[in-house]
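Look at the two complexes coming up: chain A is in both, with chain B in one and chain C in the other.
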Partner chain A sequence: MSKDMMPHFELFQPDSEETALDLLSRFGDEGWPVAGGHDSLSWFKDRAKYAANVVDLTGIASMRGIREVDGGIEIGALTTLTEIENNDIVQSRYGLLAQAAGHVASPQIRNVGTLGGNLNQDARCWYYRYGVDCYRAGGNTCYADTPEGQNREHCLWGADRCVAVSPSDVAPAMVALDATMIVRSASGTREVAAEDYFIGPDIDIERMTVLEPGELLTAVRIPGDWANAQFYFEKVADRNTWDFPLVNIASAMVVENGTISRIRIAAGAVQCTPRRLTVVEEVVTGSAPDEETAALAGQAAVRGATPLNFNHFKIPLLENLVKRAIRDA
Partner chain B sequence: MTWSLIGKNFTPPDIRAKVTGQARFAEDFRVDGMVFAKLLTSPMPHARVVNIDASDALAMDGVIGILTADDEGVNELLTNEPRYVGDPILALAAVDEMTAENAIEHVRVQFEELPFTVDPLQSLYPGGPDGRASGNNIGGGRTGIEPKRIKWTARDFAAVPEGQLPMGEAAVEWSHGDVEAKLAEADLVIDETFVTAGNSHMSMEPRTAMAYWQNGKCYVHSGAQSLTASLPAIAQQIGIGLDDFVYINEYCGGGFGSKGTPGQTVGISALLSKKVSRPVMLRMTRRDEYSIGSARGTFQGRVRMGFRADGKITAIDFTVVQDGGANGGFGDSGDAAAALSILYQPEDMRFRGIPVVTNTTPRGPQRGPGQNQISAAVEPLIDRAASELGIDRLAIRVMNAPNNDAKIGANRLNVTSAYLPDALEKGAAMFDWQGHLARSGQRNGSKIYGVGVGQAYHDVGRTGYDGLCVLTPDGKLHLHSGVGNLGTYSYASTTRAAAEMLKMSWENCIIHQGSNAKFLPFASTQTGSNTSWTMARANYVGGMNALGKLKEIAAMDLGGAPDDYDVGDERVFKIADPSQGLTYAEAAQRAIELGGKYSGETPPDDIHEVTRLAVRGVAGTGLVGVAKEQLRMEGDVPALACGFAAVEVDVETGKVDILDYVAVADCGTVFHPQGLAGQLRSGSIWGMSYALFERQIYDPQNGLPGNASYLSCKPATYLDVPAGIQWDAVDIADPQNPVGSRGIGEPPMGAASAAVLCAISDALGGHVFNRVPVVPDMIVNHVAGRPQSTPPLKIHTA
Partner chain C sequence: MKDSTNGDLSRREFIGGTGAAIVAVNATTATAQDRDAAEARAIAEVPRTRIEITVNGQRQSVDVEDRWTLVELLRDHLGLTGTRIGCNRGECGACTVLIDDEPAYACSTLAVWADGRSIRTVEGVERDGKVSTLQQAFIEHNAPQCGFCTSGQLMSATALLERNPSPTAQEIREALSGNLCRCSNYNAIVEAVQAAVKMGGA
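Presenting the complex of A and B:
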């Protein structure tokens, strides 16, 4: 395979969403939107995936910034993770998101990486990124889901020819906050719940989200419903910076009179999409957020997990993180 | 001894260029007409190249030419039997890198797949695949030998299901005493099988090389650890005489063992340049680095240790299978045995080892090759023994640690000096060992406190190299250093031995380094932490030679015998009447007038050819001090280090926080305090990284390497290590070095790995994983009572 040498491409730098959408509509499969570039450029440099036309979105001012909307907030998809982490409104009302954004990769990457890029990034399965002809790459095998496949980072649920996981730290927070994705194309705008935005290999093995060619995630809206809830975010990775999560957990919980009245909780890196743990929500609602409830929540969270040969540690790890989310929030 | 330069900090002359970005590394150079080369590397772990069709590529605009294994003189620089994914098969030169890469995609290579393995034990099993067509073992683990085939019997593997290392025919072995008898008599026997990971090299500067030919001379730019030591081998590889070879290697962006000698990129660029008659720049990509940049060999090992009830170690039986990678590997296993021998001073010992050729990346030395793996693996077992015997973990180490009476290896060599017990006690006081022990096992929420102490060794002494310095008529002392600038500043610090002998002010000293065009003497390779010993002694004899000549000239001009003279204030003067003397400037002028040995026109017969050429370059410019170092060196020259760690282990997440760390060195006289601090801190951090994160991954089904990036190889970051690392040294002069120093670069890493792993075991109630690194998976599984994902003897797993 080729290494560290990007092929030539035409670069387009639109300054409006409309122009960008027109370009992407025109190019179809031959177009590739780029923001921070961390995901895209690594593909290009390895020549494993690339497009003839690259549309650089970073000049589109309307896709930047954080604003208050209808009791909640709207965050432009080009807003950097550092801006989200340090934003006063996010910090004061949606601390869960500030924490999740602040745990992505490293400070240097967060300074350039965008919300949209983090949510839309491709799978990080090392075989797939190596450039092999796996199912997700259009081939007819999975290298990771084999007797000796090195699948430590892979999924506990949702395997369907592919066992890659959602690598995002922000995505579970968006699911927990019941966010809505604003998706635009040349033909219009649609809104998709965060929970439905991410898709598994059973729906489309070559994509991680519902975005069709020619569509852009322009913004994410977070409703006021979960503002100032009791939040818990934790990411366990090998190192304390830079690495993708082994497992992460994001929860928003409202406790009234010592009882959990409502909760949304989601885990990352355990299946191909952020996994909303509805069974945990059901188990703990109406109970006190104590050790016993936390233990039951942990047990509930891992029911049905189907580990691969090298990732069954994720079962106790997820169980413990869910416990902490209830107990320590 | 009170010195004016030795033991003092100074500003190495290249610092300013490094911090301002003015330093020029190999890939910063450009030459008129220069073209760029790219490599075509193997996509499969073991194959035979049946045919190469480069006709389409060569027909492309801008493509200049190719080099393959079939070209004259290429030998093993490129191969027709690729033995690992990423093994270079062909180099292609074009007007720019894009053209070269595009052309590479048009080269058609027909392969015949060959059997492969990424696990030495699989290769040793009856009928197992060989890493090379000709076999799977090249002896003790040094490259350049055609491998032979070694297969063990199925009976040898009988205890594998119980997790015990098999041991059949060893490639290297030695023993002293009766180990089995000592083990039978022992009050306690620890018998464990363990695995340590392989680790890719991660130098910041890729091993780029640029070469061109001019008037029959070959000029090569590359960044490597060593300088003049490499000249004969490179010249031979390129097929020219030393006279016709100019090597420019002023800066090296890290080597850590992987650039001890310049390696294949230098040869490829030089031979391709010769073939296409254009200067050739061969820039290495990061991914290339992770394939051809070599790696630390894995260990699948077993150690049986016998203890007396008082903690004295009576016997060690050490067996190890080492992943020798595609090239057969480095001598890690034997070096590990020597480390066990010196660190624990067993009365009797047996070592059996075998490096096995596999189809993983080539294996070479990496900081403490063998010694650091074994410290990480065995030190936690010392703790287990201490616990079972009811002895303090520090006390059992002090009791067994080497001092000046220590012996090492099969031949029970003496050591030049050793003060590890002193280092341990010094470290314990700095760390407050007893205070930390009182907190051992304390629980804070889901976190448990643990403390550990670790120790490590490396042999750091060589002899027989040359020193060269020149006093010129302007009163300056020119210190010619053949030492590579690998980042330790030893190229500069060791020259201070010569300046010290001449009592020079440092302001009047000028260091010459970075290229043999600057007339540099033959030096050791900058490997194995030997420079502080070896080249300090070489510079010492160079300085002493100049000193002798100063006195002779003074005696000639002012009367009396040379012994009637001394030096000071950059003068040579009569001891009885200090007013009678010559300034160094005057003496240098007199040396030029006298000629012969004084001005370098008749150099000594016993110096190396490289030094002879250097002296030829400086001859007639001043008073030339030049000599081959032949000082006494009897016994092993040890570098020893210990470390103390406090950690918190989160039993719910498997994460380990290192809270506190102390490193102490036993490296003779502290030669350059800032340099020592750099070695202790950086080595400690790497040791922490080795203990917790770094490991190579291979898919055994297809030989694919799972980590070929900084991200996936996981070197520790600032947020993974303590904010401050305390350090100190025993600082007792070695009697066999006139300036007292021994090296230290390698063992601080092994000591830190060991201390951290011991601390984790301490936090987990004494559990030892027998696997390095210890990753969150293992801790979480252990605490949850689940089986580990990776079977005991499995290597290269996530």
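Presenting the complex of A and C:
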């Protein structure tokens, strides 16, 4: 018998969104939706989190696939990252998203891991993952933000007891593409802008998104506005496979007559949510995407960054990524 | 205080109390066989789900617990121990199997998700009792050192060559990037896959 088996849970396998939402609303805090399983199962194996009732979403066909809607596209939350990376429409119109999806984790994880799972994954701070009683876990200490805490991967902005960062590669791309999250519960559907979907510890330290218990992210809609824009995505991580970003950058830019007419740009892994760099957008709009503009953009991007003991390197890293996004897109 | 709780014992406290008594008896008198039998009875009472899977071409029905991962099913219940458990967290690739021809981490896949799917493991890559071309190339190029990652590497490489019969070295590295080799024998592994391409495929 292998070690670190998961404890028993009861698995529910609904085949429709309605049934899944009914189950999740009935279970409340005791319910746990699962899709690709990479995030969830490691919590269960480590015995750091437990759910008595696991709702398996993988049998819900309506939550899979990529469709064209209203000049843009809608991607079901259960669509795998490999499907997104290889999809013709995504590749031809939203190359930014194809690149971001292709940079997640490893090929095996992308084959099974879903869009919803990547966007909704929990914080990757290893103190928290280890199961300690930190603020995010309901305790009253942060182990990362101490004189000797290992916080090389942690935040430059938005520290509020917790210093964990948004670990997703896809989330900044969704913010740059001005995507809309379709959130359903047993009582209805609401639409949330990608930019507002992620929340920091100041709003709720135990969650990473606006999702309440009983709610599901069923799909993500990407408008036509940014289709075929000039895109830039880059992820810097210790290893090219598996590792979460140290910093990543995603931008969509439209250049007309040699000047940037509009742009959306967001960075990941610098705060608890994807950081939309509105100051960069303001600085570069109306200028040529050249070296000078890029340098200004880089400086603007890092203004106000508050590093921890071991993550000062993220400041020049972010500055350089923003420069490249403007200059090399 | 104690008297009043004794007089109004909840079901949970009652069960907890008798459980402690049973454990105490076990600790002093029960034999190891008794304990194993008790454990087997407890496990038998856990509800199971019947799934239909095809493993290495053989269709079979198996009753699985919801919490079993695919690699636990393969190794502990179907006796297919060629698939390894390294990290058991989707971070090393030793457990890579093909699910409907796509590489996936069997440690991070629930066994119930294999229902209706076709699973291929390292036991299924041989042809007519002979090692596959890839396996032969692995042998000839010393691709395995300690060998622990080899079955996972073989599965990723098999999927690659079925999808793309003449990959470049870069494509091979990318396709195998989700499989760690702690001996760091990557160059030999890539050479072996390139050799298999020359020898005629997977």
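One rule holds for everything that comes next: the second predicted complex is superposed on the first by the 326 of 329 C-alpha atoms of A that agree within 3 Å, B and C clash if a C-alpha of one lies under 4 Å from a C-alpha of the other, contacts with A are read in each partner's own complex, and residues count from 1 in each chain.
We adopt the following convention: contacts are C-beta pairs under 8 Å (C-beta built on N, C-alpha and C of every residue); 3 or more make two chains touch, one makes a residue touch a chain.
Since this is a predicted model, take the numbers as computed values, not measurements.
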TODO: See if chain A has more residues touched by chain B or by chain C, and give me that chain.
DONE: B
- [ ] Name the contact category of A:262: first (chain B only), second (chain C only), both, or neither.
- [x] neither
Open item on the list: In the overlaid three-chain picture, which partner chain does A:8 touch, first (chain B) or second (chain C), both, or neither?
Closed with: both
- [ ] Look at A:107 in the shared chain and tell me whether it touches chain B only, chain C only, both, or neither; answer first, second, both or neither.
- [x] second
- [ ] In the overlay, answer first, second, both or neither for which of chain B and chain C A:58 touches.
- [x] second
Open item on the list: For A:41, using the defined touch cut-off, is the partner it touches chain B, chain C, both, or neither? Pick first, second, both or neither.
Closed with: second
Open item on the list: So in the superposed three-chain picture, is A:26 touching just chain B, just chain C, both, or none of them (first/second/both/neither)?
Closed with: neither
TODO: Applying the touch criterion given at the start, work out whether A:161 contacts chain B, chain C, both or neither, answering first, second, both or neither.
DONE: neither
Open item on the list: Looking at A:242 after the superposition, I want to know if it touches chain B, chain C, both of them or none. Which is it: first, second, both, neither?
Closed with: both
Task: Residues of chain A that lie at the interface with chain B and also at the interface with chain C - done: 1-5, 7-8, 106, 240-242
Open item on the list: So in the complex, the part of chain B that touches chain A is made up of which residues?
Closed with: 38, 43, 97-98, 101-102, 104-105, 285-288, 446, 652-655, 692-693, 697-702, 704, 706-707, 711-712, 714, 716-720, 775-778, 780-781, 783-784, 786, 789-790, 797-798
TODO: Give every residue of chain A touching chain B within the complex, in rising order.
DONE: 1-5, 7-8, 46, 106, 126-127, 130, 132, 143, 146-153, 234, 236, 238-243, 246, 309-313, 315-317, 320-321, 323-324
Open item on the list: Give the list of chain A residues in touch with chain C in this complex.
Closed with: 1-11, 13, 36-38, 41-42, 44-45, 54, 56, 58, 82, 105-109, 111-112, 240-242
TODO: Write out the stretch or stretches of chain C touching chain A in their complex.
DONE: 46, 49, 65-69, 71-72, 75-76, 85, 88-91, 93, 96, 99, 102-105, 108-110, 112-113, 156, 174-175, 177-178
